[in-house]
Every structure is written in structure tokens, then in C-alpha cells.
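Okay, so chain A shows up in both of these, paired with chain B first and chain C after.
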Partner chain A sequence: MNITALVFYVFATLAIGSALLLVSMRNIARSLFLFFIVLFSVAGLYVFALADFVAITQILVYVGGVLILMLFAFMLSNKELLNDLQIGTSHFFALPAWQSLVIAVSFLAILVYTSLQLGADEPGWIAASREAGTVLTPTDQTIQHIGVQIMTRYLLPFEIVSVLLMMALIGAAHLTRKEATS
Partner chain B sequence: MIPLTHFLVVGACLFAIGLYAVLARRNAILVLVGIELMINAAILNLVAFGRYDKTMYGGQVFALFAIVLAAAAVAVALAIILNVYKFYRSVNPEDIKNLKD
Partner chain C sequence: MVFYITYIVVGIALFGFIAGFTLFAVYSERKIAGFVQDRLGPMETGKHGTLQTLADILKLIQKEFITPAAADKILFVAAPVIIFVAVFLGFAVMPWAPGLAPSALNLGLFYVIAIISVDAIGLLMAGWGSNNKFSLLGSMRAVAQIVSYEIPSGLALISAVMITQTLHMQEIVINQGIASQNTLLFLGLWDVSNIGGLLAWNVFQAPHLWVAYLIFFIASLAECNRAPFDIPEAESELVGGFHTEYGGLRFAFVFLAEYAMMFLVAMIGVVVFLGGWNTPLPNMGSVRLADWTTGWIWGIFWTLSKTLLIVGVQMWIRWTLPRLRADQLMALCWKVLTPLAFLCMAISGVWRVWVMG
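After this line comes the complex of A and B, so read on.
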């Protein structure tokens, strides 16, 4: 086993383990900080899929924006934050709701089964790409190509996404505004 | 080079954990975290398949779009959660029963 595979499995176990701890923990503040670790290690996994730019964007957008927003919302919406933090150690794990556990485990079984099937017989386009030599290699300059592709081939989705982002931000600002006192 | 199947299995695990969080947790913010976990699993799959697409970079570009959409969804969802908390004094999804006051 070479060092690349080893680091990949370290990141994978870190992501899955802290995600498991996240859903089983009673204290919400601790879960949110565990979510930090999950996001960072998933960004590490993106690097192993040779998507450096997506990894950087993940860290910028998720860790820098989304998680901070979530922490704000949590602190604004929990009256018993301090009590919660103090008694958090006595109830370390929440009770598992077994119905949800059954659904999640069966979903996991289906997904893993499908992934293993995919390993057995590859889709045609992957085999074709491997034959044509258009598989990404670690020395490729991906960021430059992504920029060119966004500005040419994917220009329409890019514009639609930016309009949608603006609509969502205006909507969020509208939802949280103070009511005019009449 | 890491095989494609390993990425898919990691993504499947993250998706199942996120699904469990959405179904089982009693706090709207943690439900949102579960949704984000599921979106991250989907992005991981996009990126893993995008490795075989050197000419068009479809996987990576649409992974970026998915990250943007997730950020927009979080902004709106947190605004709604804060409004719900102002009204009900609770963020437990089971306490929120009325559509209109």
C-alpha cells in the first residue's frame, strides 16, 4: 500500500467517523464543530479525486460561510446553550431512533451494492475515456481549464446559478428583516 | 490512483449518515447539517466521476454549481429556522404543527 492510498483512507475514516459521532452526539455545539472536521476531510478527498479547485471552494464556502452561519443560528436559537454545554458530558450519546437507523442502513446497503456492481462492469464512457487517454492525471492544470470551460461551454448554467444565488440571498434578507412597527 | 469504487463507498456512507441525521434528530439545525452531509456525498460522487472527463470537466464544474446551490439553500433555511424560532420558541421539527397562525 503506497502513501497516497494510506492518506486517502485516513481522510475517509476521519470523515465517516466524525460524521457518525456528529449524528450520535447530544450536544449540538459539539456536533457543529465536528461538522468542521467532516467538511475539511471531505475537501481532502476532493484533492484525491484531482479536483483541487473544488476542494478550495469547499473550504472557502462551507467552512468559511455556511458553518459560521450555522453557528450563528444555533447560538441565536438555543436558550439553554450554556446548560447544554455543561450537562453535555453526562449524556454523551443520544438514543438512536431505530426506525431511522433501519432506513439509513438499508439505503447504505443499496448504495454500496450498486457501487460494487459499478466496479464489476464499468460504464461505457469511462472505458472509452480510459482508452482515449482523457483521464485526469495529477500533473494536469485543472484550474485553468475549469475557468475556460465555465466561461464557454457552461456559461448558461453559470448565469442561471448566479441569478438563483442572488434571488436566494435577497429572499433570506427579506425573511429576516425586522417588521415595521406601525 | 484511488479506484472509483472507493470514492463511491465513502460517498454512500456519508449519504446514509446524513439521511439518519435528517430522520432522527430533533433539532432543525442538525437536520440542515444532515442535508449538507448528503449534498457533500453527492458532490464527492460528481468529482470522482469527473476524473474521467478531461475534455469537458463536467463533473468538477457541476460540483462547483452544487456547492453554490447548497450555500444558497443554507442561507434561506437558516432565515426560516430563525423566524420559526421567533414564533414557536423551539427548533424541534415536531413542535411545528401549524401552517398558518
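After this line comes the complex of A and C, so read on.
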């Protein structure tokens, strides 16, 4: 086994292992920090898929933004509420969690279905593009493709997302504003 | 297999450099503080106190590991490591000389911005893990500050990237000197591709980048929690901020990370705005100063001297300006720096399309 494969399996084990530990842990603070490890190792796996831009964006947005927000929300929330959450049902398959069970089972079904579809070898479209020479190599400049694609093919989704973010920003600014004393 | 050994050697060399720099920087910081406050600074250990930081680090290494009884043991121990590693990883893409960078990543600048933000997680971990009010308050202040100041600093860097059109750190530097394949225009008017030197730096290619650099410099001070933005470590209010409970080698790691961060942000500023390893001396007629002073060893020399100069300015500011209040800090970020950075970005777009065309 070469070192690249070894690193891949280390990242994969880290991601799955800490994700399992995360959901079974009672201590919320620790599980949030475990979430950091999960996000980081998933970013490592993106690098193996030659999606280095996605990997870095994952770290910037999720680790540097979303996770910190979650930690802040946790640290600012009511201690009684957190205790209730921590003491709650301790069964792995508790009845109130049937919605999550449905989601988990359907995800598993999709995964199994896809892997059966792919078969043992690579799917046809990968082989086709390998023959046509339209594949990325590790030294390619992916960011130029992304920029061009966003500004042409995906312009409408990009604009919709930016309007949505703008609305969220304005809403947040409005909520934090002090009401004029009437 | 040989190149795996090279990776490890490069990592160790960088760590050695950071450790050496920290020893030197702590000494010079204390001497500069002494000079600013009209006193002598360390004088006892060695000639003019030169061995003072070596003695300090020896003391820190010998100290016992003390973990508070009520602390979250795992988080408490892991935090200094994460804080340091986040900054250390940032050094992976920094260019030192022509062709000399630990990793020539296409997305170098983006990577550095992202990896520095991991630092905030380490700070929160330290603050929460210590189980101490001062630590928690300090780390929450630090993180609020880092997250807010990432916006103006990121926008300032984007306005420079719009001029250079690349995120590859090495290419950003190449486009600011005589090695460039493109035509470089001083202030958008005068072709200086063969003259190079100071005139080809990004800040002189597009003068509004001076404003961008100033924004980046101020924001980088806030991201390293340095005075005048050191409310997370405000000694008079919070004892030591997030590192109140740390001692011995763990404290040394927190400190190492702080000084490494100072060097890293100074180096990012130098690479993106001030020419990186390019010489400041221009070619003048037959006196080919720029040609003579470009090369492998000169590159390291220029990078180091420019970066150390910026680090010196950071120290000078720390001992000159008073600390900002928390609301002043946020007002400066959101009401002054962010709109100015957006303005710089808009000017960059106009400059790129109409002036550099």
C-alpha cells in the first residue's frame, strides 16, 4: 500500500470514527470539537477527489464560520436547557428519533443503490471522459474553470444565492437593531 | 521515497525557523518596549540581556504540567497544539525565494486565509477547556474579533488578487518584479517591466492598494490579538485571557503560535502587496541593480528583511497605542475598514479593466 492510499484511509477512518463518536457522546462541547475533526478530515478527502477549492472552502466556511457560530450558540445558551438535552433518552434507537431513522435508512438505500449501479469498476462516463482526455490532473488550475462556470452556466443560481445571503444579512442587521423607544 | 524525507526535513526546518524567530522576537520586543518606555529592558542575562529568552524557554521547558482540576482534560491539552498547528500549516505555501516554496499550491492565498481561521477553534477550545471565567471571556472576545476582522482583511487581499489575477503565491510575487512575463505599469502609466525594483510592487502598480495594505495590516493586528486590539488578553481586566490557566511547555506553544502568527501575517502582506522576494532596487541604465540583487539567496534576504521590518512596526505600534474598547473595535471594523475595503475592491475592478486593460 503506498502512502497516498494510507493517508486516504487515515482521513476516512478519522471522519467516520469521529462522526460515530460525535453522535454517541453526551458532552456537547466535546462533540462540537469532534465535529471540527470530522469537517477537517472530509476536507482532506475532497483533496483526494481533486476538489481542492471545495476542500479549502469547506475549512473556511464550515470550520471558520459555521462551527464557530455553533460553539457560540452553545456557550451562550441556557444551562438548564443543555442539561435537559444531555440527560434525555439514552437509547440509540429511541422512538422520538424515528424521523432520523427514516432519513438514515433512505441515505443508506441511496448509497447501496449507487454502489450497485457503479459495479466493481468505474462507471461508464468516467471511462468515456478518460478516453476523450477531458479529465483533470492534480496540477490543473481548477479555479479558472470554476470562475468561468459560475459566471456563465451557473450564473442564475449564483445570483439567487447572493440575493438570499443579502436578505439574511439585512435581516440580521434589522434584528440586532435597538427599537426606538415609543 | 526520498521526497517524503524532504517533506519532513522541510517541516522541521520551518519549525526550527519559527522557534528561532520567536526567541529573537521576544528579545527584540522587550528591547523595543524598553526603548519606547525610556528604560533598558532585559540587561542581566548575557551581554545586554541577549540570553534572556533562552533562559526563559529553559525555565518553561522545566516547568511541571499543571491541569486545573475542573478543566476538560482533553480539550485543555489539545488546544495549544491546535492553535500552533493552524498557524504552522499556513507557512506551507509561503514563497521564500524564486522557486523556493514548501508547496506551490494553485490556491495558496485562499488556503492561508482558510487555515488561519482554524486558529479561532483552538482559542475557543482553550477558553472552554480551562473552565475559567477569564479564559472563556478572553477566548470569546478573541474569536469575535478574529471572525469580524477576517472580512476586511479578506476583501483587502481580494482587491490585490484582482490586480494580479492569480491566487498562486509564487505567481503573485513573480508579477511584481523583473521576472514577470506580463507588462507591469508603474501607477498604470509607465512600463517598468525591465526596470523592476520598488516601482513594480503591487502597491506602486495600483496606488489604491496602499489603502488595501493599510486595511490588511490593521486587520492582521486584530487577528493576532496584538495591541491596540488586545482586549482578549487585556491584563488589567482578564488576567491573561484565554491562556490564563496555561503554564510550562503548553504556554510556550501558545506563545510560539502568537509570534509565528505575527510573522505569517507580516509575510502575507509582504508577498501580496510589497513585492515578496523581489528586490526594492530598480535597474537604472547600465547599473542593473535589480538583476544583480535577484536570486535564491537574495530572495530569502529580501523576504526576511521586509517581513522583519513589518514585524518591527507591529511591535512599535503595540508599545505606542492604547488599547481600543470593544465597541470601538467593532465600530472600526464594520463602519470604517469594511466599507473602505469594498471601495478598494471596486477600484481594483475599474483599474484592472480600464487602466491595465
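What we mean here is this: the second predicted complex is superposed on the first by the 124 of 182 C-alpha atoms of A that agree within 3 Å, B and C clash if a C-alpha of one lies under 4 Å from a C-alpha of the other, contacts with A are read in each partner's own complex, and residues count from 1 in each chain.
As a working rule, a contact is a pair of C-beta atoms (placed from the backbone, for glycine too) under 8 Å apart; a residue touches a chain by one contact, two chains touch by 3 or more.
Everything numeric in this text was worked out from a predicted model, so none of it was measured.
A.B. asks: If you count the residues of chain A that each partner touches, which comes out higher, chain B or chain C?
C.D. replies: B
A.B. asks: Under the stated touch criterion, which partner chain does A:3 make contact with: chain B (first), chain C (second), both, or neither?
C.D. replies: Second partner only, chain C.
A.B. asks: Can A:111 be said to touch chain B (first), chain C (second), both, or neither?
C.D. replies: Touch status of A:111: first partner only.
A.B. asks: By the touch definition at the top of the document, which applies to A:75: first (chain B), second (chain C), both, or neither?
C.D. replies: So A:75 only meets chain C here.
A.B. asks: Tell me the contact category for A:33 with respect to chain B and chain C: first, second, both or neither.
C.D. replies: second
A.B. asks: What is the contact status of A:142 with respect to chain B (first) and chain C (second): first, second, both, or neither?
C.D. replies: After superposing on A, A:142 lies in contact with both chain B and chain C.
A.B. asks: Would you check which partner chain A:63 touches, where first means chain B only, second means chain C only, and both and neither mean what they say?
C.D. replies: Only chain C is touched by A:63; chain B is not.
A.B. asks: Quick one: is A:53 in contact with chain B, with chain C, with both, or with neither? Answer first, second, both or neither.
C.D. replies: So A:53 meets both chain B and chain C here.
A.B. asks: For chain A, which residues lie in the overlap of the chain B contacts and the chain C contacts?
C.D. replies: Looking at chain A, the two contact sets intersect at 53, 57, 65, 72, 142.
A.B. asks: Taking the complex as given, what residues does chain C use to touch chain A?
C.D. replies: Of all residues in chain C, those touching chain A are 4, 72, 74-75, 78, 105-107, 110-111, 113-115, 117-118, 120-121, 124-125, 128, 136, 140, 143, 147, 150, 167.
A.B. asks: Chain A touches which residues of chain B in the complex?
C.D. replies: For chain B paired with chain A, touching residues are 1-21, 23-25, 27, 29-30, 32-34, 36-37, 40, 43-44, 47-65, 67-76, 78-83, 85, 89, 91.
A.B. asks: Show which residues of chain A lie in contact with chain B when the two form their complex.
C.D. replies: 4-5, 8, 12, 15-16, 19-20, 22-23, 28, 31-32, 35, 38-39, 42, 45-46, 48-51, 53-54, 57-58, 61-62, 65-66, 69-70, 72-74, 76-79, 94, 96-97, 99-101, 103-105, 107-108, 111-112, 115-116, 118-119, 125-126, 129-130, 134-136, 140, 142, 145-146, 149-150, 153-154, 157-158, 161-162, 164-165, 168-169, 171-173, 175-176
A.B. asks: For chain A, which residues count as touching chain C in their complex?
C.D. replies: 3, 27, 29-30, 33, 36, 40, 52-53, 56-57, 59-60, 63-65, 67-68, 71-72, 75, 141-143
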